[in-house]
Structures are given as C-alpha cells and as structure tokens.
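There are structures below to look over.
In the two complexes that follow, chain A is the common piece, with chain B as its partner first and chain C second.
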Partner chain A sequence: MSAVVNNRIRQGSTAVDILLYAIALLVCILTLYPFYLVIIMSISSPMEVAAMNVFWFPKGFFLGSYELIVKDTKMWWAYSNTIIYVVSGMLLNCLMSILGAYPLTARNLKGRKWVIAFLLIPMYFGGGIIPSYLLVNKLGLYNTMFAVIIPGAVSIWNIILVRTYFATIPEAIKESASVDGASHWQLLFRIIVPVSKPILAVIAIYTVVGIWNSWFDALVYLPNERLHPLQMYLYRVVVQQTVDLKMLTMEDAARASFTMLSNIQLKYAIIVFTTLPVIFTYPFFQKYFIKGALLGSLKE
Partner chain B sequence: MLPVLLHIFIFCYIPLYGVVIAFQDYYPGKSFLAFDGSVHWVGFKHFIDFFNGPYFSRLMRNTFMLSFYFFAFGFWVPILFSLLVNELKSGVFKKYVQTASYLPHFISNVVVAGMILSFIGSDGIVNAIIKLFGGAPISLTTEPGYFPAIYTITSIWKSFGWSSILYLSAMSSIDPHLYEAAKMDGANRFKQMVHITLPSIRPTIFILLIFAIGNLLSANSEFILLIYNPALYETADVIGTYLYRDGLLGGNFSSGTAVGLLISAINFTLLYMANRLSRKYSDYALW
Partner chain C sequence: MGNWKKSTLLSVTTAVLLVGGTACSNNTNDAKPQQSASSGGSASSSSPQASKLKLLGPANGNKYIKFEERDKYPAWKEIDQLFTGEGLQLDYEFVPPEQYDTVIKTRMAAGSSLPDIVNISALDNTTVLNLAKQGVLLDLNPLIEKYSNGNIKEMYGNEFSFAKQATTTSDGKMYWFSNLHKKTYQEKDPAPVALTMMLRKDWLDKLSLPAPTTAEEYRQTLKAMRDSDANGNGQQDEVLVYNPGAFASPIAQWFGLGTDITAVDVETQKIVSPWYQDGIKDYFLYLQQLVKEGVLDTSLIAAKDEQIQQKMTENKVASVKSYNMEGWLEPTIQGGGEFQPLMPLKAVDGITPAAQLEPPFLVWAKYAITKDAKDVEAAIKFFDVVYSREYADLMTWGIEGQSYKKEANGVKVGINKGTDEELAKSGNVAAGRLIGDTVYPRVQFANLETELASAPQYKADHELNMLTYKPYFVNMNEIYLAIPDEDQLEAKTKILTNLNTYSAELATKLALGQKSLDDWDQYLEELKKLGLDQLIEIDQQLLDRYNSIK
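Let's turn to the complex of A and B:
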C-alpha cells in the first residue's frame, strides 16, 4: 500500500521518467556488456574473433573451444577440488558458527565478556600473511588440502551473525525444553538449529561463494597443481598463461577450424565455463546475499 | 565452543604473536617462541631498512594513490546509482537493474582480471575500438601511465552495485508521508530528492565514509597481483603485492612482517581518527 502511495505522490513529468529509465538502461548495459562480449566471442567463429569483428552479435558459430576444454583433465581435477573445498568449508563453517554462537547466548556463562573480547580483537588486528604462512608450515599443513580448509573453518563474523540470531529466539522455548529434560546438545540441535535455518542459509551461501571465488590461499599454500581449485587453474591459464591450451589441439590439428583457434578465444570459453555456475544460480541466492549484507550493517 | 576458541587461538592469536619476528632476524625453521637466547633481536632495524629502502616512496605513493582514486571517483557512484534506482517506479525493470548491478560483485577476481587483460591486450576490444576510430593502438598492458585508470574503473565496475544496497535499504525505510508533505509544499521531484532522500541516507554515508578513510592505504592487492606485470611496477606495485613478492616468495619473513605491521598500524590509526572526527562533527561513529 505504502509503495502505491509513494508512487502516486511522487509522479513527475514523463520526460524525466524516460530520461531516468534511459540512464538506468545505460548503466545496465555498461555493467553487463563485458560478460556478454566474453560469451559471444567464445562461441563465434575463430576467423571473426581473430579479426576483431565481434561486437554485438556472435558471428559464425563454433564450439570447438568448449570441446577442447571439456577434454582437459586438469580442468576436471580443479573442478572436483573446488567442490571438495566448497562443501567441506561450508559444512565446517556452519557447524563451527553454531557451536561458537550457542554458549554466547547463555546469560549465566562465566567470563562471557572475556570471550566476546577474545572474539572481537582478531577482527581488528591480525598478524598478517607471513606469520600465518609460517604457522601453516609449522603445523605441517603446507601443500595439503587442509591448508586451505582448516584456517578458513571458523569465521568470527559468522559466529557473531549467528549469535545475534540466536539471541532473538524467545527464552521461553529454551526454558521449556530444559524443563522437559533436554540436554544442551538436544536443545541446540533439535530446537535452536531448526528455527535458525534462515541465518544458516545466509552464512552457507556466503561461504560457498567466497570459497568458490578464492584463489589466493591456494597460490600461497598449494604448490601442488593437483590440489588447485578451479580459480587457481583459471589463474594459471588466463593470467599467468603457464598452461598452454593450444597444446591440446595437436590431435585436432587436422581439422582446419582448430588451427585458426586463438588462445584468446580459448580463454574466453574457459572463463564462461567456470563462471556459468555462479551466473545461473546467482538470481536464486541473491536475496540471501542482500539479507546478509543488511544483517552485517546492523552490527556495525 | 572449546574447539572454536582453540581454532581462533591457533589461527588468529598465534599469528598475532608471530608479529614479533618483525623485530628479529628470523630464519625459517627457527623458533620465534624460544627464550633460550637463540632468537636474534634487532629492534626496529627492519622498519628503518624499509624507510630507507629504494621502494619505500614508490610503494607508499602507489598504495595511497590507487586507494585514493578509488575513493575519490568511486565513493559517490553507489550514492548516485541508488538515487537513480530509487526514482524508478517499482517493477520488473527496477529489479532487473539492481540484479544486474550486483552481478560483478559475485564474479571472482581471477575472472575479472582475465577479462580485463584480454580486453586491454594488443588484440583486445579496447584497441579494436581505437583502431576503428583511426587511432594508433596503445600498449595498455605495459604502459604504467594507464594502470591507475584501469584499476579504478574495474574496481568501481565490480563494486558500485553491491555498495548501493545499504543506501537503498536506508531509502526504503523513508516514510512516504514525508514526500507527500513536501509535494503539498510545492517541492518538485528534484527538491524532494535533495531535501528528503539525501538527508535520510546521511548516517549511512557517514559510516561508509569512515570505513573508506580507514581503507586509504589498503588498495586491493589481491586484484592488483592478478592484473599487473613487472613493466607496470612503477605505478602498480603496492605494499600488499610487494609483501607477497619480497616477503613470501623472497623469503624475507622478518622484513615482510615488519612492513605488514606498519601498514596495519597506519590503517588502524586512520580509521580511529576518521571515527573521532565524525563523532565530533556529526553524531555518527562506529564505536
């Protein structure tokens, strides 16, 4: 109702409206055009791409670059590694946030103030990258999958978000449960966690996208290529250019179109291929993200 | 709870203690916890070496300038964008514009870097357009002068939509009656925006301004690491990338930690001062 009122009273001239819509459309196009360009270049015919003729619409149609990528075993290795990192990271983060947040809601917890201070200090001060690197080395995690999984398993930020949500659960529910003889574990996993699904969804999705997009930890901790996540593989192909996809084309060299295939087009194809999961799922999880961003701002 | 605290202790507090190696001559394999005299304390040597080192002024200048460009050109973009979105009538188009603007935020740095590098390469689209208009191709990837612009534009493109969320949520809580009253008093749309919408989001602007000032020495080094190359060090090498190259790859652990410690100290001071100023001249503060 209020939105309707809002619109009616704020009606201005149509000319202004058209101008505003035009600007908004322009902003939209500017934002999306780079993605669009990458996609159309990746499926256009290699001759047209090499001649830089592709601007608005795909010219010709050629999926050879995708064919090559799908055959690349390194890419599939990286894909499966990423899935391992994402799933384990998400589960650990949710579990640790629940376990970390629950005791903080108990009002009679001794030294609660100290625990909160203990949590807040690392949010402002950190040792920096080198002491962390030395620590991971000392613990013997260097060059193992755990080097990426374990340090990221706890997020103080998530603990605070979950704690804030737990605090909104009516005290009466908890009391009646303990009167009925529920232990802390039962109370936590049978009652509190099920009603906290919205906040857990938010942190799970944040974690998933964060891990999916991360590459720097792998760069620092994982010299072994077999352990690299997808983004690190992408880094090697697209930025460092140490993986030459053209090598793959040798067996296909007989086919004329492949010889025209430029490295740049392969890069576009691989960008599209590794980013598609994000772009396709993005509209669905978007609302959780916005929720998370607003929750975060409340704490600030 | 205990495993969580233990985890935080190990991965947050031990590295925090680890900064003591900034005051030592540390070699890998040596313990920095030992009290048996094997630790070689050197006081502020690494800090002084950094101040007098050949890269100090270049690193400080680049880090500050890149952060400053992003602040000066990027801070008001989400504000303008959210004002624009707010003026659109609600509907599919408005939703679509917002969704599109958030998208770059979810694309990884590596992908964005890959796209940018191929666009500005010698056979990329930017040079193709220049040629189309009869210009001579520019070597954007090796000419240091262009780097700040490339970095700033890309960073703004990646972040403006997402940053507008907070402003938009502040605007959505404005009481429609305020607009109604303004309309009665004969305020046109522009006046309504200046006198109602803008004042309503002022607290949000102040808070984000404090954060932005606290970040004036923290250029996005993870992203720069992806798009720079040795030819661009003159304008692109920042403290974060230098730390990675010299401290981590070069194995200069002690001096690297010293540089990192210095920067986080400066950043914290900046944040603290911005917060003080803001509390003094307005009512908004982080703590």
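Let's turn to the complex of A and C:
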C-alpha cells in the first residue's frame, strides 16, 4: 500500500510539474527571444542598436528603417519576384514529383531499380558550379527567371517521398481502376493524386520554404538586380554592412563607414520584413511537417 | 473526381502560364533594359560607323547616386560626350557589387560569352595570370602600340609611371589597365595621408591632460583616462582598440617596425621584416604592459568592424587607429566626442619612430580586354578616352562651379560636401562618384587642399607635419612590388598561407603574454622554417624588378 502511495506521489508531484513547466518555459524563451530581439532592434534608434543597448524593450522608438524599406522599389521588386519563384517553383515541383514518382511505383516497369539508382546519383554528386553555369548559359537561361526556376523544378528527394507514399496505396485500388478501363493518366490524376493530398502538401511546404530562403542560385545566375529574390535583397544589406574598412583608401573608408552604421539597424528591419510571411504560415502547416518528417524516414 | 481533374489541370496551366509569363516578361521588359543600358542619347543614335563595346563591371552600389539616373548629372554628360565623340557605343552590364565577385569568378572560369572589356579587380594575380596564359585576356602592349592615339602611353609613361611598374608581368606583358591616383599639395608636392593612433581630444581637455609626446606618456594617458572614468559612465571601461596580430598598426611603427610580415623600406629600397627589426622585443613588452593594465581591450583583437563600431558608439574608445583627417568616427559616438591624431611617438632610445602612410601614388583595380572582344581597336579607343586629362578632371572634380571651384592660386577645391542624398538631388558631383570602379577606371589628380579645407585645424596641422615626415612605411606594400612570375607566385602563395597565420598568432600571444620572449630564437627558427627568409628574398627581387621597369 505504501509503495502505491509513494508511486502516486512520484507521478503526480507538483514540484516536478513546476520544474518541467519551468524548463519548458525556459526553452520557449530561449527559442523566442532571438526573434523578439530582432523585432525590438528593428524599431529602436539606430544609435542605440549600434551601441547594443537594446535588450528587453525598444529604445528610442524609430520606424525610419521600415519607411526606407517600404519606399524602396527594389524591395518590392524582390518581393514580387520571390512570390513568382515560390508559386511557380512549388507547382512545378509538385507536378514533376508526381510524374517522376508514378512510373517508379509500377511493379512491372522494366529496369526500375536502375532508374532509381540513376536518380539517386545526383542526390550525392553535383556537377559543380562551373559546369552548372555552362549548362545554364548554353540553354539560354542565364540572367532569366528560368535560371532559378528550371534547375530547381525536379527534386529527387521529393520524388522519393511521393513514390514512398504512392507505394502505400493498396494495389487493389489501382487494379480495380484498371479493370474499369482507366488509363494511366486517369489512374494517376483521378485516383492516386486525390488520395495523396498529404504528401503533396508536405512537398509543397518544403518547396515553398526552400525557395523562400534560397539566394545562391540568384547570386550566380541572376546578375540583373530586377530579377533578384527577397533573400538577395537581405544578403545585399548584410554584406554591405560587413565591408572591410581596412582595405579601402581614405575617401572610400569614409563612405563605407557611414553606410555601415546606417545598415546596422536597417538589417534587423529587413530581417523582420522578409521572415514574417514564412513564420506566419508555419503554424497552419505544422501537422504536415510532422508527417513529412515521418515519411522521410521510410525509404525503401 | 471531377474537381480533382479540374484542379490538377488548373495547377498545371497556372504553372505553365506563370513560368512562361515570367520568362517572357524577363526577356522583353525586365532583364535586358535593366541589365544592359546603352550609353546616353547621342551614342544610341550615333553614326553607322559607331563601334559597339560590351562592358561588364560592378554597379556603384550607392543608394542615391545611381547610374540609371546618369542623365541628370552634368559631369556624366561631359564624359558621355568624350566617348561618343570617339564613335563608341557602349553597352553596359552592371552587376550589384556584393554579387560581382561570384559572377565574375564564375564567368571568367567558364570562359564563354565574355564582354569586350571587363572589370576583373575581384580576381587575384594567380587567377588573372592563369587566364592570361589560357588566352582569355589579351596582352595590351601590342594593342596599345598599334591602335592607341598616345593617351595611354602619356598617362602610363609620364603622369603615372609607377602604374607601368605595377602592372607589367615578368615577361614584359600587360594584361590589365588600372585605377590611377595621384595626390599632391600645392600642385607639386606628393601628399601622402597618415594612418595614426587617434586619441580622444575631448577627454584630454576634460582631464586637463597634455597630448602625449612619447609612447610611455601615451600609456600613462590611456591609463589616466581609464582610472578617471573619462566617459563618466561610472565604470573604468575606456579602452584602446588595437590588433597586435597585424603589424600595420601605428604603435608598431613607433618601434621602427614595418607594416607587414615583409615591408618595403621606401627610403633604402630594401625589404624588411618586423620580426628581424631592432624594436620588436620592446614592442611586445610595451603591448604586454597595455594588456596587463587593462587598457588594451583584448576582446576586440581581430574583431569585426561592426564590433569596434559598437564600442565606439558606446563612447568607450579612448584610442584607435585611423586616417589622421578622418571625420567619420566622431558622429558615431553617443554624446559626441573628438579624436586627435598623434604624431609618431618615441618609444625606444636609438630608434626614430616611423610613420604609417598611405602613398600619394596609387594603382589598383584591374580592367581587361577579353578574347571575345570583336573590335579591339575600339576597346583601346575606350581606354584612350579614359586616360585623357579631360576624363580625369571630370572623374576627380566634375564641373567647375558645381562640384569644385578654383582658388585664387589656381588650386581646385571640392564644393557641395552634402550627403549622398543631397548630392543626388543637385546632381553636382564629380563623375567618379557616379561611375568610378564600375566599368570606368578612376583616374584621379587629387589634391590635399580639398581635404585640409574640411578638416579641423588640429587635424590639418597634423597632416601638414606628416607630409615630409621620415622615416615611414606604407600601408600598401604590394604597390611597390612588381607582379611575380609563375614560380614566385606559387612560392609566395605557399609560404604566406602558413606564415601569415603563424605570425599573427605569435604576435598576438606575445602581446597577451601567453608566450614568453625568452624563447625568441625558437620563434625565429619556426618563422624561418615557414619560409620568412625566402619570402623576403622573393619580395626583394620583385621590388628590384619594379624599380628596373621603365
């Protein structure tokens, strides 16, 4: 009897609950504080931010950086470009993943294993930046939006995810559709795709987040500023701010110094501006993320 | 089912439309007009004989003074006329500056679809010489001989003879043109600018301290500022910002040391290394004292500019290295402040303190003609315009009465020293601010008078005192060295990779007292093992060759 009582005390201990809640709260604070800090820095006086005096509350309330960003046409160009890249990239990725995955689920496809092996190679070995540049250039994609959209349209990882999901659909459903006279296209788009909504949502979110955060392809393939995505805009501010004053002549050092100071605070405003849309979409798609993580663990 | 069919079809159609739409809009409206802009009015409608040139370079990156709005700048219109007058039709490809390194490295390495003229300043000498070897870049000497109207030779031969020395390879070839800069005082004397230790003048006044005249007094002053809480925040946090890992720091020169692992002694035309110079041990002993007393902020050793700026804004920096006539530190100090430049301070008996100077003659940046240039004659014509006196005046000074005025003695002095935003509104800027360092080389006949006019008296006086100060070392040793040949380049690269790291680490540890000066011979042995002597020998050969090029 006494053992049971002890056990009950241990399981329902208020002290332990408080401790666990405290740890959870601490982890929450540690996770959220950097976001909060960036937000309050973005609305504090540039001088206070440069002096690193801002910790808990905004100091010297200042919205000038947001004004500068909102008035900057380059930022809006970058924003609209990112939306174009995200939407078209996401749709193409879903389509290519479906079309790539479906044949790989057909058991009677000859050489299926070879095709899968062939697909796996580029997952581990890339051509390198110069061959990729040559390819993009020869295809006439250099300095066009296609240079960012087309190379990213096919993701082997997504194809494997979709294929794994397709493989879980009972064979009986496919067979019955075939018996009823459905062609492969009908089977794919009328039967398989509708029941695969969860996996399509997962790859859609992966793609959206990936493209939203990407900047390297634009750095290499898009010298035209008007085609830059939002992250390149952010990159520009951060890099300009970390200019090496020691390498400049006196005249250049003076100019770079002023730019650096004004950019120290500006970068926080830009981070908020570029990150918030994605942060707000996260809670709505959280369940799909978990699903995606589980699917990723099931490779045949 | 029906709904899914529709939505799938809709998705596919949207994707195709979007991609098609974006691509079309890019090809027709967005990319090309932005990406490449032909030179202004008259060039576009030039005669049928107009020679077309494609130019690739970084954009100027200024938020306000933008190349796209060039037509509103009078200085640009004059420059444009110089080129159109020569029948050149220029097609620009500008890349944002922070992206340019990646773009130019990729494109030059790929070696295809190159422009006629390209800014390759982002490439190091090894890469450039390799490209030249592969035939991607053209040797300019025969082209100059054949096509130049004489402007290039005049500039490189007479006005800026050091440019030829700095850009001629070991086999006598020249693969790039450069930015050229000459600063004079009273139109004749070379005018170097000094890099010195700056000390808080307002704190000296507040504490009634005299400006230090020796290194020891400097140390005492810094200590007094700290002990007396000069910034008045209740804490002893007034610090010296100093990086002992690099010798290009004025305190090192007080001990007679060169500005890099190997440095050019301009007076004797010898290569020296601070590791072998007399004052080296005293220098580290001195730094150890600064560290021990808590005056030298060790957390800022090798710190990024942003971290130093933070300390500056917090009003905690008592002393820091900078240009003697700088005016950009003070506005960033919370509550205000003033920095006073110090003359080289005597530190050790028997050693005359040296100064650190930015040379009055500079040659930097690289502009090359590529193998894909279809009309090399036009490309040389472009550089003939660039190396003309008119172009240089417009780049440095702009238009008289708008961006500069002439004093009674005929000396030019810059005017309209507003912010970039104000200057962009008025349009009264020298062309260098608008197009310099892009695809247009900077050719500058600058003078000291303009800088003296805008500096406080005590900074101006310091600069005038430094004009003839000796001995001195320069902050850019490499401009006195000829371009290494292949073997020298390979050897230097190999040596410097490890030697730089070891030297910086050793110097820092010695300054912090983490390594003992008693083991000096052992350190020298290690430096020699890493190739210090060989490096000195190679640099001496380069310096000799630099001096032998006529």
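Here, the second predicted complex is superposed on the first by the 236 of 300 C-alpha atoms of A that agree within 3 Å, B and C clash if a C-alpha of one lies under 4 Å from a C-alpha of the other, contacts with A are read in each partner's own complex, and residues count from 1 in each chain.
Throughout what follows, contacts are C-beta pairs under 8 Å (C-beta built on N, C-alpha and C of every residue); 3 or more make two chains touch, one makes a residue touch a chain.
What you see is a predicted model; the values in this text were computed from it and never measured.
Of the two partner chains, both chain B and chain C are touched by A:Tyr133.
In the overlay built on the shared chain, the residue A:Val220 is in contact with chain B and with chain C. In the superposition on chain A, A:Ala201 contacts neither chain B nor chain C. Contacts of A:Ser88 after superposition: chain C is touched, whereas chain B is not reached. When the two complexes are overlaid, the chain among chain B and chain C that reaches more residues of chain A is B.
Looking at the shared chain after the overlay, A:Ile169 reaches neither chain B nor chain C.
Shared-chain residue A:Tyr235: touches chain B and chain C both.
Look at A:Phe189: by the touch rule set out above, it reaches chain C but stays clear of chain B. In the superposition on chain A, the residues of chain A contacted by chain B and by chain C overlap at 50, 52, 129-130, 133-134, 137, 220, 235, 239, 264. Against chain A, the residues of chain B that register as touching in their complex are 1, 3-5, 7-8, 10-19, 21, 28, 81, 84-85, 87-90, 93, 96-97, 99-104, 106-111, 113-115, 117-119, 121, 123-125, 128, 157, 161-162, 165-166, 169, 176, 179-180, 183, 188-189, 192, 207, 222, 225-227, 243-244, 247-248, 253, 256-257, 260-261, 264, 268, 286.
Remark: chain C residues 1, 4-5, 8, 11-12, 14-15, 18-19, 22-23, 26-27, 30-31, 34-35, 59, 61, 93, 95-99, 102-103, 106-107, 109-110, 112-113, 181, 193, 248, 304-306, 309-310, 313-314, 323, 325-329, 332, 334, 358, 362, 451 touch chain A in the complex.
Touching chain B in their complex are the following residues of chain A: 2-3, 5-7, 9-10, 12, 16-17, 20-21, 23-25, 27-28, 30-32, 34-35, 37-38, 50, 52, 55, 96, 99-100, 102-103, 115, 118-119, 121-122, 124-135, 137, 150-151, 153-154, 156, 159, 209, 212-216, 220, 231, 234-235, 238-239, 264, 267-268, 271, 274-275, 278-279, 282-283, 286, 289-290, 293-294, 297, 300.
Listed in rising order, the residues of chain A touching chain C in the complex are 47, 50-53, 84, 87-88, 91-92, 94-95, 129-130, 133-134, 137, 142-146, 149, 189-190, 193-194, 219-220, 223-228, 232, 235-236, 239-246, 249-250, 253-254, 257-258, 260-261, 264.
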